[in-house]
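Read from first to last, the chains carry the letters A, B, C, D and E; within each, the first residue is number 1.
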Amino acid sequence: MPRKTTHSNPRPPSRLHRRSSKLGLPAGSLVHTGERRMLATALTLFNYDETGLEEVRFDNIEASHNYQPRYRKIWLNVHGLHDPAVMQEIGRRFNLHPLMQEDILNTDSRVKVEDYGDTLFVVGRILSYESETESTDMDQVSIVLGQNFVLSFQEQPRGALDSIRERLRQDRGNLRKQSSDFLAYALLDVLVDRCFISLDALTEHTEKLEEDILDPRQRDILIRLHRARRETLALRRVIWPLRESISSLQRGGSKLLQPETLLYLRDVYDHSVHLLESIDALRDLQSGMLDVYLSSVSNKVNSEVRMLTVITTLFMPATLIAGIFGMNFHYMPVLEEHNGFYWSLAGMGLIAVVMLSVFWRSRWLK
Amino acid sequence: MPRKTTHSNPRPPSRLHRRSSKLGLPAGSLVHTGERRMLATALTLFNYDETGLEEVRFDNIEASHNYQPRYRKIWLNVHGLHDPAVMQEIGRRFNLHPLMQEDILNTDSRVKVEDYGDTLFVVGRILSYESETESTDMDQVSIVLGQNFVLSFQEQPRGALDSIRERLRQDRGNLRKQSSDFLAYALLDVLVDRCFISLDALTEHTEKLEEDILDPRQRDILIRLHRARRETLALRRVIWPLRESISSLQRGGSKLLQPETLLYLRDVYDHSVHLLESIDALRDLQSGMLDVYLSSVSNKVNSEVRMLTVITTLFMPATLIAGIFGMNFHYMPVLEEHNGFYWSLAGMGLIAVVMLSVFWRSRWLK
Amino acid sequence: MPRKTTHSNPRPPSRLHRRSSKLGLPAGSLVHTGERRMLATALTLFNYDETGLEEVRFDNIEASHNYQPRYRKIWLNVHGLHDPAVMQEIGRRFNLHPLMQEDILNTDSRVKVEDYGDTLFVVGRILSYESETESTDMDQVSIVLGQNFVLSFQEQPRGALDSIRERLRQDRGNLRKQSSDFLAYALLDVLVDRCFISLDALTEHTEKLEEDILDPRQRDILIRLHRARRETLALRRVIWPLRESISSLQRGGSKLLQPETLLYLRDVYDHSVHLLESIDALRDLQSGMLDVYLSSVSNKVNSEVRMLTVITTLFMPATLIAGIFGMNFHYMPVLEEHNGFYWSLAGMGLIAVVMLSVFWRSRWLK
Amino acid sequence: MPRKTTHSNPRPPSRLHRRSSKLGLPAGSLVHTGERRMLATALTLFNYDETGLEEVRFDNIEASHNYQPRYRKIWLNVHGLHDPAVMQEIGRRFNLHPLMQEDILNTDSRVKVEDYGDTLFVVGRILSYESETESTDMDQVSIVLGQNFVLSFQEQPRGALDSIRERLRQDRGNLRKQSSDFLAYALLDVLVDRCFISLDALTEHTEKLEEDILDPRQRDILIRLHRARRETLALRRVIWPLRESISSLQRGGSKLLQPETLLYLRDVYDHSVHLLESIDALRDLQSGMLDVYLSSVSNKVNSEVRMLTVITTLFMPATLIAGIFGMNFHYMPVLEEHNGFYWSLAGMGLIAVVMLSVFWRSRWLK
Amino acid sequence: MPRKTTHSNPRPPSRLHRRSSKLGLPAGSLVHTGERRMLATALTLFNYDETGLEEVRFDNIEASHNYQPRYRKIWLNVHGLHDPAVMQEIGRRFNLHPLMQEDILNTDSRVKVEDYGDTLFVVGRILSYESETESTDMDQVSIVLGQNFVLSFQEQPRGALDSIRERLRQDRGNLRKQSSDFLAYALLDVLVDRCFISLDALTEHTEKLEEDILDPRQRDILIRLHRARRETLALRRVIWPLRESISSLQRGGSKLLQPETLLYLRDVYDHSVHLLESIDALRDLQSGMLDVYLSSVSNKVNSEVRMLTVITTLFMPATLIAGIFGMNFHYMPVLEEHNGFYWSLAGMGLIAVVMLSVFWRSRWLK
């Protein structure tokens, strides 16, 4: 019966990745390891500086061959990574290290920051909470920061970066005037902010579960709790290395980062620490809920054993009395008593009442 | 049934905060994220130095435009943060960084210390123990220390800082003579001292629970214990980053802190470590109580199963005997026995007595 | 029933201290926070150097006003801290920092070492094992080491320092010749040695409990184990900061400590590490005992359910047979059988014997 | 019965090694401690540089005496370590330290990296997933990196290094042109990649178990889970020191490692961290599964006790009524009732129906 | 009943030491705290260098007064420490610090390494596995390394050092030529190797237990497991500080240690890390076994409750039917049925068969 309920809730996507498909190839081999969703590659280019902004969209890499940037700074965003040729061409133009290209294509890279000297490479995750499955979907986002350019790579467009595009177009928050590292910071900030949405959804889900725990009509509490804990751990595993990465960025002293940007990075770092603390609070709450649930199960066994004992205790003496007066001895003078039958019934009732009152006094009945 | 009891105890306020309302805005956006309690903003200004003290109260930010300080040092305390314009004006006058202003308005910032060069920024929590709900309410307190000024921001007046106001007015403990960092230390000291009150209340509550654990008349022990553990963890999560922050203040070597003040900060640090140790002691105690409680539940199941066994064992043989003598075989010579009936009753009693004495010897009955 | 047993064992003194009585006062306020046991303050002064020793006892602080030391080094021991005036006078004469005076009077300070430049301040605990309550009493001992003096403060005389007094009087171990820091070391050494007594008592108590765990006649095992774990944790919380303090003394490089004394401090440090390791061993043992106890409770439920099953299984078939032959059908030829009664009894017996032998083979009966 | 099932699943090989066979010998004694599988020693030599490649295979060490290398760089791979003479000869020629030789022969050395100045010594494990036993076999691989040579030692050929041999033969990835340290890196990379295969198999196995946990037809869940956890821990114990070793290689600053190779080592390090994180995720999942399983067992006891209670409750009143009307009192007027028999049956049925409906309302039946 | 079994297995020696017998004495007091086994003190002296070896045995310290060493290096081994005079004399001759002497006599010192400038002092434990009690006996071994001498102190001769004596006599491994620190290393190496024997025995014992866990004929599994865990923890507590000590030796940069010896110390360090990892693997295995055992107990309760339910369910309907037909109503036409008796029996049988088949389908029976 629990089985069926389990089937009706679709199993959340596995968080435990598999890498073995790429084994045996030399490091730096460009193989796309994501699921081959047939989305066309799309390149969106923002060419801007404080004097102006040009937004161009290429449908394939060849279309961009003759493009000449008019402004000083570039942000190139790439959706759809299934074609290694695109990566190779971008890597050639922006002079990216083969290992970096490999990590961008491999859609299961670890969250990290790597300093390649003239470029900074950040691997993050973008979280989208899917309300119908009550789970969080995770996509890899790779960000490359160079002297005057920022590259960002995603599997699928998710709308997360739209707010930054809008700020660029309207030149809000001086985004155009600031150097490229500030744009990279803004992308990171969006990634961290998306985590708050997932965490809020998880928190709400957990607090709903907390109310359900003592409701006897609720079923599958434990499996739902198990899943909530799994989701929480999965979230933690995204944010923990993110925090480490931002912290190493701050300490790293890359010449690509302006001092003012470092101040803003400290703010993102602060948010990621806040996220971790909230996740740990959530996990503590979930552990406590598990204790309460397991103990409430024990208490139920307890009260049912007690009910069994009460019933047995009420009926056994009466049954014995009935058995005694059903014996066939030839000389049983009590049977001759005129009101014997009624006296015996009264005796049975009396014993039951006495027992009930004893139970009542020892607070056994509820 | 436990449900109802749960409903009658109001659920303590959620300790798991939500941040998603501010997402998508650029960092440094001034949005107030607290609950919009309609308290008017109130600014209280202490202008003082060793020569005198002037206390002014402004009901809105405009009223303060023409104020000219007479003495060298300033302490400005602000209640009610729902109006970003107030923050903006104060930020402009005291030259505060936009990120700092954002953290002050966001009433769910992490407890921390940040050095902005010419100002030190401290985010703390002020705890007020509410005796009727048996829970601790937490409000953010932001403290900004500058060269000759201290700013403090709170959501609601809670009376916690009254003792410092009184000490300033009466010039107790040389508070006026000391430089501004000493006043900031005094504010921090009050925050830490308030934690002791909450901890003492929690400790008392826990020790009361410890006595109730073995009292069979008490119900909902586990839920009450679960809540006490939650409260303890929430307290710990305030004090842990506070300790870290004070420690980083001590090591940070900010030029705003006098050596003598560092000695006093060591004292506050010491108190925060003491708090943490007491909280950990409390958590150990609560874990032990959980073990004792769960085991006492097991023991109850145990003793009830035993009682069931005793009853079954006492009545089954007697019932069988009665059944045997109730059989309708034509030739059952025992039935002709004159005292057969009484002998059979005596047999039933004897077996019960023998069993009882065996149980008694094997220490089964109590 | 367990309640009563709980009451007869007096509850050990609470280890979770309360501090709220001192809140709201400025730091450095001299308030005595211990229980106001009405013991007169007693000052014992040892004035000594390699040439001689003078021992003086003052009953109040005024009596000491005209005292002129004859020898170079001083050890002043103070019992009874309820009179802040005494502290104030001593602090004035020996030039002690207000925060240090506050910590001495506050009888619940954290165990710690603080370097005030010209003085070293150590807060420790002196443990006295009370055999009648089977618990350990803890008193604060504050030690101040200056250039040529050692001050020690205690709530109550406990005899712990008598051995050092005797060594000074008889000049054993060159105690008089050594500089004051060696006397301070000797005091610390006594504190650590007293911990061994408490640990030994706890260890013995725990090993006694370990034997009782499987003894079915013992009751309240879990509560006794819970208390032993509490005591162990309390002991650990004294020794852990003590170890940290001694370690920081060793590394601190105070000019008050001679190199030779550092070698002896290494020995005390070594003892404190040894204490911690033994305590952790004790805690591991107690955890293991809890597992064994909880599992033995499970096993008991198990064996009682099994016994219930055996009884039910033995009697139910017999009772059914008796019931069958007690039916009142008019045509029941078996009832006419001459030895039917005896055959039916034999049948009941046979079934019981067969069942018993089956149980015996499947190792159910013990 | 569980016993038999255990026997039919062959026990996975013990992961807890024994070393005592070599005790009492001086360190540096060359004794082979692996199982003496009678595989002939086989030496495979790749002599290569950017100008060409020569591949030679010797069946014994004597055959190699007259070999003269034509190219600059050497990779010597040795299978079968049971003959210490081979090790001794190789050690003499390549000038290996006795302790290094001892570790190569001892097939249970710890995973580690050691810098002997002119050589770097790496001990790793090569994992081969055996699908029939559902377990992972581990073999030691020792790699020695010198100025122009790489030595690798294995107990058995496992095909793991074939991909590197092929890349050398076809000169893919510039393997011939690169210095020897790049070949050593490639070997390490293969070791780490093999771990991914084992981890993927374990992950699949665990997710299969997760589905089985709530399937009541599955038996031995706990033992299978116990084994999966054991395997996971064993895998972790291989990768943890590997990560540490690669990290120390990176920091170590050996002059044998080119800067470019360090960049690739960072990639291997990254993979090993990824492995560890995935393993920890797997362990968290397994812990959660254990909780779910244990609780589902509790729930089963619960529902069976409830069923027992329901049955007892349904039949006991009916049995009592039948007993009452089977009493032999002389004056029992109810027995004269014409439809008494049917009324009594109806009463029994009615009580049962009432009880069933009460149970139904309190959601006891399913 | 379990009690008796416990008594028949002798309790392993207590691992929790007592120190209180030495309290109150000044540090450096020479008191022997071991059990006073009346073994005569025995001094064995190896006087050797690369030119030769002389082996002398003194039965008391006086006998050695006139001994003049012929060779450059000395190894003095002392058995039996109950006579402080011997220690005092040796301390005087080799100029040992009083604290070192105290630690040698105190047979319960912590495992550690201390640098006294011109001497290095190592306290270790020598383990002897006692097969009859299935436990490991631990004796303190103190090693003092000076410029040209090594002193070693043991309570009892255990044969552990015989292999080194033999290597010295036969000059294997260049032991005579090497400086004294190499001999000290060899002694340490023996101590670590002895740990492997104990660990192997414990591992074997644990794997035996693992097989017994599911064997229903085995009793006292939990107590045996508890003891195995205790032994494992005791072993860990010896090796952990040993590893720390060797590590601090390596880093310490004592001038007594040659660079070549440091390489060998790295090997011992490596072994101690290996030991720790194996011990942790063993502990993980034991934890897993505890889970499996506790769950198998739960499963047993489960299957026994199920059996009880089956029996009750099979017999209750039949008993009720028998009771119904045993009622004494005057008008019970069914009783007149000629084959009523047989039909009723058939009904009872049919109900039982139907129930059995339902149980069979829901996989309740086995």
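By our rule, a contact is a pair of C-beta atoms (placed from the backbone, for glycine too) under 8 Å apart; a residue touches a chain by one contact, two chains touch by 3 or more.
Because the structure is predicted, anything quoted here is derived from the model rather than measured.
Note: centroid distance subunit C to subunit D, computed from Cα atoms, is 43 Å.
Centroid to centroid, with C-alpha atoms defining each point, subunit A and subunit B lie 27 Å apart. Along subunit D, residues 298, 301, 305, 308, 312, 319, 323, 326-328, 332 each make contact with two or more other chains. Taken pairwise by the contact criterion, the protein chains form one closed cycle in which every chain touches exactly two others.
Listing the chains around the ring, anchored at subunit D and oriented toward subunit E, produces D, E, C, B, A. Across the complex, subunit D is touched by residues 163, 167, 172-173, 175, 186, 189, 193-194, 196-197, 200, 203, 206-207, 214-215, 263-264, 266-267, 270, 273-274, 277-278, 281-282, 284-285, 288-289, 291-292, 295-296, 298-299, 301-302, 305-306, 308-309, 312-313, 316-317, 319-320, 323-324, 326-332, 363, 366 of subunit E. In the complex of the two chains, the subunit D residues touching subunit E come out as 1-3, 6, 14-20, 23-24, 26-28, 97, 99, 109-110, 112, 114, 216-217, 222-223, 226, 229-230, 233-234, 237, 241, 290, 293-294, 297-298, 300-301, 304-305, 307-308, 311-312, 315, 318-319, 322-323, 325-328, 332, 335-341, 344-345, 348.
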